[in-house]
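What follows is a set of notes on a single structure, which appears directly below.
Order of writing sets the labels: A, B, C and D. Residues in every chain begin at 1.
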Amino acid sequence: MLLAILLTLVVGPPLVAWLARFGRLNAAWGAGAVTLAAAYALWPALQGAMAGETQLQRIAWLSAQGLDLHFRLDGLGLLFVLLILGIGLLVILYARYYLTSRDSMGRFYAYLLLFMGAMLGVVLSENLIQLLIFWELTSLASFLLISYWQGRSDARNGARMALAITGAGGLALLGGFLLLGEMAGSYELSVVLASGESIRAHPLYTPMLVLILLGVFTKSAQFPFHFWLPNAMAAPTPVSAYLHSATMVKAGVFLLARLFPALSGTPEWSWLVGGAGLVTLLVGAVVALFQHDLKGLLAYSTISHLGLITLLFGIGTPLAAVAGVFHIINHATFKASLFMAAGIIDHECGSRDMRYINGLWKYMPHTAILAIIASAAMAGVPLLNGFLSKEMFFAEAVGAATQLRLGWLLPAAVTLAGIFAVAYSLRFIHDVFWNGEPIGLDRTPHEPPRWMKVPVELLVILCLAVGIFPSYVVEPLLRVAASGVLQGPMPSFSLALWHGLSPAMWMSVIALVGGISLYIARAPLFEIYARLAERPGMYRRAHHLLERLYLWAGAVTRLSTPERLPHMALWVLLFAMTLALTGALQAGAELQGGRTLLPMDLLGVVTTLVLALAAIATVLLYRQRLVALTLLGAVGLVVSLIFVRFSAPDLALTQLSVEVVSIVLLLLALYFLPQQESRATSPWVVRDLLIALLAGIGMALLTFAVLSREGQSISGFFLEQALPGGGGANVVNVILVDFRGFDTLGEITVLALAALGIYGMLDGIKLQGPEADSDGRRWDPDLYPPVVATLSRLLLPLALLVSMFILMRGHQLPGGGFIAGLITAVALVMQYLANGVAWTQARLPRNHHWLITLGLSLATATGLGSLLFAHPFLTSTFQHLHWPLVGDFELASAMLFDLGVYLVVVGATLLILVNIGLMHRESHTPLTDAEEEV
Amino acid sequence: MLSVALTLALAMVALALALSLWRLMRGPSTPDRILALDTLYINTIALLVLFGIRQQSQIYFEAALLIALMGFIGTLALCKYLLRGDIIE
Amino acid sequence: MELLYAFSVGLLTACGVYLTLRGRTFPVVLGLTLISYAVNLFLFAMGGLLPGRAPILSEVGTEYADPLPQALVLTAIVIGFAMTAFVTMLALKARAEDGHDGVDKEAPR
Amino acid sequence: MNPLIEALLALLVLLGAAFTLVGSVGLVRLPDFLSRLHAPTKSTTLGVGSLLIASGVYFSQGDTLSLHELLVTLFLFITAPVSAHLLARAALHLGLPTRAAPPAVGEPRDGVRS
């Protein structure tokens, strides 16, 4: 089951979209193939289900949260799978002819498969939460499908409305499911279905029911949530045929059927479900008659039929449930075929308005016959499937009336609905195929391509077959499905055409006769309706509500996110500070912990003093940017001193190198920026100072609280294991390249990404540096003072020596890949500074991408290497060596990894600095410049 | 004897540090500040060396080494900026 | 000593925050750098302050400074540089496209 | 430790520190940039040099020879003149006054002929 869903939901869409690039029709074939594959994958399970067993398939996922991927296939599931895949196939075939060359087939079929997969997920879910996820997926997929013609505003609005309504319903459903799960003690359907008694007895039964029903009603367009469906008719007709006849709207009733054993049988159930069903049945039937749009008529008749099914489940007797399932099948068949016929007519006439398309019998008799049979089935004419289920429905209505002591009301109401059903079916036939000549069509309609009719034909044949030989064609499936619904003993029923002169029989007769006469005498009714229809309908109101909602949302967003970035930053800061403050207050611990503090000494005082003064000076003089930069350098220096002082030599080294690299970077940037800032002080200085002070004080207190406490750390392990496990005495480095090597791998990847991102941003950037400094003084003409050039060349080997040294011993003494990499990068940058790009790039690798690549692959390879020896990723092994002069020293595979780190750091740093440095050339192309100058 | 000398020396170097900072903040010209920064770097080297002797550990020397290198490059970059504006060309 | 340390962290944070709240890109970059100093020091403080106890294993050594925060901070410093570079690049891009060095689309006052 | 060596070390250390201090004092006290330039680049470098010698001696007890100091010294003695050279160039380029008036009161204006 999982396989089928994966095929349609995950594999299918991208595959189809991809296929579409090699000719649009491939998309159709691909979609068909995927569907068949899914059917094939499900086939054994389906057979099992047909034999009446319930199959479960569990894939452990979040078992702790009671969330597993858990699938279930029983009779009901079987029925729906058949509907989804069968009608799905037909729709795919049909759409291949329906879509014009302007429509992207890849997109269409991708969405369609997405929806198909989601729908399969819904009907195959054993776990309620999982079911809900797929449920929401169907909403999303249908949104995409309805808004397929994105250019049309009605499509967009219709889609948005559908999503809003069904989405809201989904939310309610979630609440309902959570309650239900709590009541049943599990989200597994089997448990829920088994514990119907306790659920119905539970005090929270009613709210839970209401919530779930909200979900159901919104999904299958029950009154008063029915209005989204007609507006979803802006979708391409195949979509309507699939979603709005066979599958999506049926998801709601599917859920009714699914939870029938658990929830039904209470007065609340009967009144809520039955009531909604009855009203929907009537409203849909009545309104359908007055639609001029073909698809509009079909949409409202769909609503009405869904109401009928809902009412049947509401009645709640086993037999009613059977009838409901039966009508699900029948409605799917004839309504799908009707939609397709309507699509053909639309396709051939370029219009769907029944006031203009008349007398098509002459032009497309074949289609006409199909449509006539289908709509006859919809009307419930004998010898057609619609008749059978409708008669069962009438019988159930009568029975329920006697139960619920409604007297003649219920039968009368449903008969009235039947009358209207006959009337609108009749209108569909007569108004379209006779009733004069077509009016003002831009083309003369004719029969569609052969294969476009095939799906319709198949469905119509099905209608006939079911209608004439029900017991052979449909009864087995019906029994299996119904038993899946009831989860219990089947009521006895017989699918025969003739049950004798039962009240149901008379009701059918009345419906037929009344319907015909109603249609003949329709003119005055149309006028009345036209007058009524001028009042804004439900859809209009809901639409306005939605619009207002979006306006509010926009306002809130604007309110919460100010235009100016500093203000945004301010808000973030304030929020963080309030959080911290509340946390601190709740903790209510002493500020100073028990740890004995270190004595202050002169050095500490002086360094702190230097740090403080430098930092403050940076802030005071930040307008003179170069000055601020030098002061920042001092700050960095002192920070690294602090690291040295508190025994973190590696940090000190890194800090120092990064310090200089940053200064170079900022100088490069400063060249393109104003040197000074106007003295104009922003009005927020005081406020910002206040915030800054608060933040500082907060941090200071926090730091002190931390420092004055003894904290236990997991480092004991690292300290013990460093030598035996990692073969290194420098624990920090061992942690980096060995114990937490995976993190380091991630970090160098980030570094590489940042570098590449910067390189990408440099592309096509236009910035001209000034020709003279801020005082209008021309630049010094002497590019590379010889003294500097020569001596820095002299320094290069020394620096490289140092960096190699640091890299080698990194595992044992302070150092390692990061630091060595930075030193090398700085040494090379020094050449760029002193000798210029041309000189340097003539002697050095010009593009640094390959350095990064090499480093990353080396690091990864080292990690993978350990896999070869069946160790986990990045397991290190080491070997003691004795090198003269360097001393006793060991070669750990982790050092290869460190080499990778080294390469990445060098590459990234150089890539960033050099390319920013070369930016102000017209288009930044370091390589060619270099060649020019060499 | 040595420890006394070390303490004295540390005090002197610390004072030197403070003085260099004063020039760094005071200016008045940018070269002054750059010079001050350079001096600050070198003072730090002195500090580290003294520290190493006092702690009797050599792990401070890499830091000293790096400061020597980095301080120079910082100065180089800053001066180049004053002279040419565009430091990598 | 802890007091001094805490004071330094607080001060760096304060200066950084103030500069970050300025309306132009360059001070913001400076501010971010200062803040990253503060944060690195803060993270480093998690291991406590132990002078002269570098986590370099030796025969004589018994007590060592906590190496874990150091490892974290070390990478944090490098990544911090990458991020600074990225922000700087963004600043330059904005400068090239908006023609001013304000952090917002419209020029700062 | 051999008292003679210790005395020598103490002397070197104090000498170095003194030179360093003098350098910074000069940096602060001297009237104009070009003269200020002399103080640190010479005196301080020398001071650090002697400190390095001290530590070299100190750590070269017994048979092992400590090489780091040599490296550091090498770096310093290569870089110091270059820095000085560059700074002088910058000063000339900016046309800084050779005889500075006492530092202007108030906000210093950088990189500008005063």
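Heads up, the rule we're going with is that a residue touches a chain if its C-beta (ideal position, glycine included) is under 8 Å from a C-beta of that chain, and two chains touch if they have at least 3 such contacts.
Note that this is a predicted model, so its numbers are computed, not measured.
Q: Quick check: more C-beta contact pairs in B-C or A-C?
A: When the contacts at B-C and A-C are counted, A-C has more.
Q: Distance between chain B and chain C based on Cα centroids, please, to the nearest Å.
A: Once rounded, the distance between the two centres reads 21 Å.
Q: Between chain A and chain C, what distance separates the C-alpha centroids? Give it in angstrom.
A: Using C-alpha averages as centres, the distance is 36 Å.
Q: Centroid of chain A to centroid of chain D, CA atoms only: how many Å?
A: Whole-Å distance between the two chain centres: 64.
Q: List the centre-to-centre spacing of chain B and chain D in whole Å, with centres computed as mean CA coordinates.
A: 8
Q: Which residue numbers or ranges of chain D touch two or more of the other chains?
A: 71, 75, 79, 82, 86, 89, 93-94, 110-112
Q: In chain B, which residues are in touch with two or more of the other chains?
A: Where chain B meets two or more other chains at a single residue, that happens at 10, 15, 17, 27, 30, 33-34, 36, 59, 62, 65, 69, 72, 76, 80, 82-83.
Q: Residues of chain C that touch two or more other chains: which are they?
A: Expected reply: 52, 54, 56.
Q: Chain pairs that touch, all of them, please.
A: Going through each pair of chains, those in contact are A-B, A-C, A-D, B-C, B-D.
Q: Along chain B, where are the residues that touch chain C in the complex?
A: Where chain B meets chain C, its residues are 55, 57, 59.
Q: Give every residue of chain A touching chain B within the complex, in rising order.
A: 602-603, 606-607, 609-610, 613-614, 617, 626-627, 629-631, 633-634, 637, 640-641, 644-645, 649, 652-653, 656-657, 659-660, 663-664, 667-668, 670-671, 769-770, 773, 779-780, 782-783, 788, 792, 795, 799, 802, 806, 813-815, 823, 826-827, 829-830, 832-834, 836-837, 913-914, 916-918, 920
Q: Using the touch definition up top, name the residues of chain C that touch chain A in the complex.
A: 1-15, 17-27, 29-30, 33-34, 37-38, 40-42, 44-58, 64-68, 70-71, 73-75, 77-86, 88-93, 95-96, 101, 103-104, 108-109
Q: Per the contact definition, I'd like the list of chain D residues that touch chain A in the complex.
A: It comes out as residues 71, 74-75, 78-79, 81-82, 85-86, 89, 93-94, 110-113.
Q: Quick check on the complex: what are the chain B residues that touch chain A?
A: 10-11, 14-15, 17-18, 21, 24-25, 27, 30, 33-34, 36-37, 40-41, 44, 47-48, 51, 59-60, 62-63, 65-67, 69-70, 72-74, 76-78, 80-89
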